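Two complexes follow with chain A in common, the first pairing it with chain B and the second with chain C.
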Partner chain A sequence: MKLTRFQYLSLRYPYLLAAIIFILALLVNFYFQKSILEPNTINNNLRVFLPLVLLAAGQSIVILTGGIDISVGSIVSIVSALLATRVGLEGAVEQTLIWFGIALLVGIAAGSINGFFIAYLRLQPIITTYATSFFFGGLALFILPQPGGGIPKEVAEVYRTSNPFGLHWAFYVIPLLIFVWLLVRQTRYGRYLFAVGGKAQAAYETAVPVNQVIFSTYVISGFMAALSGICITLLTGSGNPQIGDPMTLQAITAVVIGGTAMSGGVGGVAGPIMGAITLGVIKNIISFANIDTWWQTFVNAIIIVTALAAPGVISLFRRNKP
Partner chain B sequence: MKKFTISPPIAAVILAVVLFVLSGFLPNSFGTDMAAASNQAVNIIRLSVFLGIIAAGQTLVIISGSEGIDLSAGSVVTLSAILTWTIVSGKDANVIPALIAVLFVGAFIGLLNGIGITFLKISPFVMTLGMSGLITGLVIVANHGNAQGRLAPIMTKVIGRPLIFGIPGAIIIYVFFAIIMWLILERSTFGKNLFAIGVNRVTSKLSGVNVTGMVLATYALAGALSAFGGFMVVGNTGVVFLSLGAPFLFPSIAAVAVGGTLLSGGKGSYFGSMAGALVLILISSLLTTMQMIDAVRQMVLGATLLLLISIYGRQRGFRQ
Partner chain C sequence: MSISLSAQNIVKRYGGVLALSDGNLDVHTGEVVALIGANGSGKSTLTKVINGVVVLDGGQLLLDNKPVHFPSPQAAKRLGIATVFQELSLVPQMTVAENIWLAREPLRTGGFVNSKEIKIRTEKLLKLFEGTYRAAMRSDVPVASLPPDEMQIVEILKAISFDPTLIILDEATASLDSRQVQRLFELVLQWKSQGKAIIFVSHRMEEIFQIADRYSVLRNGKTVDAGMMKEISEKELVNRMVGKESAYGFAQSEAHKKVGEERPIRLAVNNLQTKVLKGIDLTLREGELLGLGGLKGQGQRDLLLSLFGDIPHDGRIAIYDKEVDFSHPRHAIKDGIALVPGDRSREGLLPIRSILENLMLPSWTNYGFPLRMRRSYEDGNQVASSLNLVMNNLDDPVNSLSGGNAQKVIIGKWLNKKPKILLLDDPTKGVDVGTKGEFYRLLKQVCAEGASIIFYSSDDEELIGLCDRILVMFEGKIRAELAGSTLTKSNLVAASMGVAEGNIE
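After this line comes the complex of A and B, so read on.
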């Protein structure tokens, strides 16, 4: 099959389109909101984007191996509910840190449940994680029936206002994530991820421990969801047992905008991170462009669908050329 | 040794019956009162009609394979319910035109999904997810949150109330609907081709199946079926609101999975989805009867679903 130059480039660099959309979104945002390049605004923005970035990064590992995890939002909710009830607004700082650790363990446990059913019982990922999302969501509501509670103010303030070396924490976390991914990609485990996503049967026949790899991706996704839950609790300072509900589909959209194919085997973590930031920037654009409230959902959807359809449209036109 | 097997739809029906009989032993249930029991049974079947019809489109799309899924079903239900509501506006004569209109709108939305999936090569999950956002946005823009309209008396009479021998009209419609779905899936070229492209698109293309056309037709049909679901739902509830269809979306996928249709495509039946819808509705109404708090109810529902699909939703291992 002969490939067009664009197809070749986008196969060689799956992030290419994500980067183009990202830069485009930033330019439009700059047009409406001139202050976007000031360090203060960037800090504010990234603080809000970080939870989704973490969630998308975890999700991308799962999607890379051809799975999907729609329980991540409810894991975020569990963490939020857990922190709000066990630590409380009056809690001590050490206590908060201990519960951060426990929250991460809870995320790993939740991911292990998903992984066990999907990798070892060989259930279909979408329906399994849908079922567990009910289970986790119910658990979150059980722990904290209504929004309320929270974490100590001084801990939340660290996330909200402190900017080490003039930049927000997100500036260090995001490159760290990408750096870790670049390292992981070079390892045997990284190759396994792509092999399983490409063709699981072939991977199995060439002695890749497919089940263990699939299991691990859900554990990673659960861990990242817990991390995201901690971030969003730090951001809001309060607990909400349903805070994660809308985040699941956003994270999946971010992964796809970031150039990771839903069928698996193509993509990585850096693209989805860009995708998550792009989604945030699109929200910014909509609120700064003074779009009528009634139209906001529609405009948001139009932009996202356009971003998703763009590569297809381009290759369609290329193919029709003589 | 011959392995004992039971087909998923039958297993689901047996499960539904067992659950229903067991539910009789609950303290505030029907107990030994046979009339109350049959009323309860009819009521649960009637409630499952709406989920069952919405799951029909989902069944077709999932059978068509290649990660086929229709996440726009929920918002199509909302859109079609609101359209029906506004077009009918209280007049019996407007019911048929409204039905035709929503079927066309649903088919058009489905066709757009199909175009995105076949020509633009967007994965079905993402394409239909995006479409769902678009439709929701469109509904908000179009009626600014308060649609004007009213149901026609005939719709309430046919869909909501008992029609013949105390059997609700919805169930009678459901029976005809199921027969049509069976004819489409099992006794038509379309059905044969649908299963063929679900198993392997390349081989079906090489054997002369118009794969692109099939995918377009499947998504369009699925859209029309979801729209019909919306028409039925509004006939039952009598009110419309923006989140009317969303609670049907994932249960419709779950119903298909519980009914033994493989989410990877190529294998399944509509009877399975009907049985799956029945089981899901039964479980959730059981949990309501038991007066559990919402949180526990959700957890039990999730655990039951997990258990159900663990029994027969398993995929082949690599070694086989």
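After this line comes the complex of A and C, so read on.
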């Protein structure tokens, strides 16, 4: 098989494109907002970006194995609704922590439902998670019909204002995520993720437990979505049963910018994390450049369509040469 | 290390088709056994039974004189049976080293993959083929960036990386160059001396004679002969594969057998090349039924698809001296070419739509707007009766028909457009005998009406019985042209095994 130089580079260095886009976005942002590199601004920004970072990290594992999880936004919404109603603004701190734990279990359960349908009943990932996204979204609205409620102020303040050693929590969480990923990469399970996404049939013939691997990716994605839900509830301090809706597309966009191939088998978690931050920076640019906010969605859509179409466009031009 | 495997009276059915009725194979420590057979003789089925890819329906497998059962390829692997697949089992995006050790990675404490160890072991394995691959092939490059021969080497290394006792080389040499083949053979000799056993399947007769100690011949699903390579000649081996020349089940008029040399040439192909084809020249006359033979996967499908404008190709194609360059099947259809694809349900038919819709699919443009349905039913019924189609109603879904009748519909949809050149890609696969006969008559009739046919079939008898002239393909080239007195089964089989031209009678 002959690879173009571009294909070869993107196989060897999947994060290359993500890094280039990230630096470009940062430069543009700096042009509009000179304070972007000040510690305070960075802290503020990362605090806002972290929920999407977590969501993108989970999504990237699923996409790495050739699947997709469209239900993550709804899982975020469920968590927000749960915390806002079960804990409430007047709740105790211990109660909040218990419900954080329950929220994570809910995420795992939701991911297991997706994983069961996709890995064991062999349903299409995109259809399955699209359908369950309505199921989860409906549950969120059932729990909390309108935005309202919230979590105790003292818990939310820990996330919003405290900066241990002068840096926001995100500064510790993001490197930790990347570190864990680098460890996972070095395990058999890590290799299985790439093998299943690359060519499931070959992996199966080589005794890789393909179904279990696929199942596990949706569980991880569900867990990360719940974590993201906790994070965004901490950020806002209040409940909103539809807060996750716009986040699904953003998470997928982040994964795509991060150099993880939609067809699976190439990429990782660090790229999508960078992608999520890049999206946040683009959002900043749009608000500081005084452009209408709908441009945000527009830019996301353009990025996704371009990324999906690029391989097809390239092969279209190369097609009629034997 | 010693091993002895014995497959006895193996039976395997795929649906109603008996692929193997009495397969036998013995292989012992320190020897290479060549498994030989023509198309459809059951040799790939027998290897799949031995490596656990399919489960046998009858007979038994003995490993070291004890009965064994392989429900999966992994079960066979655990007992030391490795297969080098022709269709590679590699993950393209992963590196050479990652592929070789996938799911068997050496681990450090804590469950982490020991990359250093993997690298060392991979480089040791790569040394086995040192000097036969490019410098760019290293343990840490993605497999997708390798050419086919190097991918095949990785596949071989992957199979031997767990030190098996029985190695099945299923067409493992097909994409290797001659230096790499020689290196593989040197390794085979080493493995023999280590006490391993090797089953060797190849479409190249010269390789079989070079490396094998014994042979086992399959014919029509039965093992018919086995013996020492030393005691048999190429020609005799071909005879064993062919058996007695069998008379074919339908009459062939001698008059038709001689193709009129005086008839004008309709299609001329010069130096046709694709990824698979390496320079094909052929001519096709009006009313001729030209056969395309050879073992599966030697480029027959590429040839038909290129002529149909379905895949990119180089070379000169001319219809009646007018050069054509089809870049889309649409163009080919316009010039009177039709393709009947091999995979009925996937490429040839719309399975859940009606017989009428399937018959009319290429011709709806002739029925105006809105579609003149009554005329389409009349034409449909006419085509159906000329095809002798066994059906209740044109509105029935086409998948309610039997395989043979469904195949007639595919031909019928083109007959409605009166094609000049009909390309057939193994159309009688899985069709019952009775319907086959009707199908042959139909082809003869189409030819008699002046159309030309190129007919690829994996059934050698059928080609010989039906065609005026056969081109035998071997590794993307035409190995032999058989016509008149040279049109015999042993010549066909010999040419498809790459036997030198001089040995073909």
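Heads up, the rule we're going with is that the second predicted complex is superposed on the first by the 283 of 322 C-alpha atoms of A that agree within 3 Å, B and C clash if a C-alpha of one lies under 4 Å from a C-alpha of the other, contacts with A are read in each partner's own complex, and residues count from 1 in each chain.
In this text, a residue touches a chain if its C-beta (ideal position, glycine included) is under 8 Å from a C-beta of that chain, and two chains touch if they have at least 3 such contacts.
Keep in mind the model is a prediction, meaning the values are calculated, not measured.
The partner that reaches more residues of chain A, of the two candidates chain B and chain C, is B.
Contacts of A:97 after superposition on the shared chain: neither chain B nor chain C is touched.
After overlaying the two complexes on the shared chain, residue contacts for A:309 are found with chain B alone; chain C is out of touch. Looking at the shared chain after the overlay, A:206 reaches chain C, while chain B stays out of its contact range.
When the two structures are aligned on the shared chain, A:187 is found in touch with chain C, with no touch to chain B. Residues 201, 205 of chain A lie at the contact with chain B in one complex and at the contact with chain C in the other.
Touching chain A in their complex are the following residues of chain C: 73-74, 77, 85, 88-94, 98, 102-103, 105, 107, 111-113, 115, 142, 144-148, 151, 158, 273-275, 312-314, 327.
Considering their complex, residues 68, 117, 121-124, 126-128, 130-142, 145, 200-201, 204-205, 210, 249, 252-253, 256, 261-263, 294-302, 304-305, 308-309, 311-313, 315-316 of chain A touch chain B.
Within the complex formed with chain C, the residues of chain A that make contact are 1-3, 8, 11-12, 183, 186-188, 190-192, 194-195, 197-199, 201-203, 205-208, 265-266, 319-322.
Residue ranges of chain B in contact with chain A, taken from their complex: 67, 69, 116, 119-123, 125-127, 129-131, 133-134, 136-138, 140-141, 144-145, 250, 253-254, 257, 262-264, 293-303, 305-306, 309-310, 313-318.
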